[in-house]
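Chain lettering (A, B, C and D) follows the sequence in which the chains are written, and residue indices restart at 1 in each chain.
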């Protein structure tokens, strides 16, 4: 299977079992080899009394984009560690987009960067994830 | 108000408007000045098809414990940046506990460490958060 | 003064008092607004018995490129926090290059990414620094 | 060999080939299983024109304490990634101490925390390192 088709097939396989991403209202906007873009509207359950989105859920969106990007070669990979810098608040009703791009993949270790923006293209957070490849594939026999 | 009572009052004020923490089934187990311990059962919505908890939600628990700890002086503080190392998976039905303790608070900047364990006291993740104090209090006139 | 000339003048002012960078044999290869590229040969004093460069000195090169980039607007800035991922070893006699580029600068806070490569353009480490602007300029009256 | 004696023997073996630590004037103050404490005076070569120590060299001290701690079982380990938060400046003539303690060691992965203080016991920086065990021992046949 060609690389782009494989990335899409791997993402579909992940998505079917990704309860949390669906529960949080995420949507896969794009997947390519080493890259993924996901969106998530900030819902009532995600905010505090000042209508500010919980930082953990901003992280969760970024972390999910990272997961789709680092699994896009159809080789299972997990997050070993992640860091996030919060730059601006996100509010109820906004739509956040997390765009993940691979910085390096060497042996079993990858480094992926994610930018989270709102619908006005303002930068909300930057995230860096380190992946470790494990055994197994998402799409068998691909 | 005495420091421990103030920490509890600040936590109660935060909890009332913390939709996300309640939605995710978290529970405040303990709050003291500079420290907080919260628990969260791993529910069906939080896992994938292999019953593994989404790393973003483990982060969200840790981040929430961090928020209660760094706001425990009744002075509003926000997360500037956080990092997490994932050490072991968490599964459906497990109960996770995040224990946060202040490492340093100097001027407007604090560093807080969180350990996330499961009900067997196995270490699932370690988290470090950096806080920035902002204007405002949680409990007015305290 | 025009932005590029100001970046160069600020770098020259920093370099004159930067004992450590000179002591470690660093060289400024390029400075532009928000960006800096520095090189450093791995010398005998920097390696262990296996001729491997000390990771702290790889960090120091990256951190120095970060400093020149975040001070390139002639507004003094300091490192608040940094992280580094070590991807491959560096050896005695190699020449390392650290290239820093600004990811975001908003208010007093900036995020800068650095890639450290060797003379074969192999990636040795990736670094992320968070800057905080402080009072003062490097070139007075510019 | 008993654990404490082994930690000391492993540290001595490392020290003999640790050009950088000696060059930077570091001194091993204490080594125990999973822990290490090192000191370093801030020398003229390490400061800028305002007598402020280069952050990279503060990192290098912390990273070195981390290396001695994670190699204290006589099983070779390397730094996979590190983060540092700079809390206060260090000045020419001060003596910095880095104290590293193991947070967790599970399988091939360890997490180690370091606090860097000055001679007045003021906190200068906090550091977190993630180690990966590799093949080989420091003291053969121990």
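Assume contacts are C-beta pairs under 8 Å (C-beta built on N, C-alpha and C of every residue); 3 or more make two chains touch, one makes a residue touch a chain.
Only a predicted model underlies this, so the values are computations on that prediction, with no experimental measurement involved.
Which chain has its C-alpha centre farthest away from the C-alpha centre of chain B?
That would be chain C.
Given that chain A and chain B are copies and touch, would you call their interface same or different according to whether over half of its residue numbers are shared?
Since more than half of the residue numbers are used by both chains, the interface counts as same.
Using CA atoms for the superposition, what rotation angle relates chain C to chain D, in steps of 5 degrees?
180
Between chain A and chain B, what distance separates the C-alpha centroids? Give it in angstrom.
Those two chain centres are 22 Å apart.
Averaging over Cα atoms per chain, report the distance between chain B and chain C in Å.
Centre-to-centre distance between chain B and chain C: 35 Å.
By the touch rule stated above, which residues of chain A touch at least two different other chains?
Chain A, residues with two or more chain partners: 80-81, 83, 85, 109, 130.
Along chain C, where are the residues that touch chain B in the complex?
Residues in contact with chain B: 80-81, 83, 109, 130.
Which residues of chain D touch chain C in the complex?
14, 16-21, 23, 44-50, 54-57, 59-64, 67, 78-86
Touching residues of chain C toward chain A in the complex: what are they?
Within the complex, chain C contacts chain A at residues 83, 85, 87-88, 103-104, 106, 109, 111, 113, 115, 123, 126, 128, 130.
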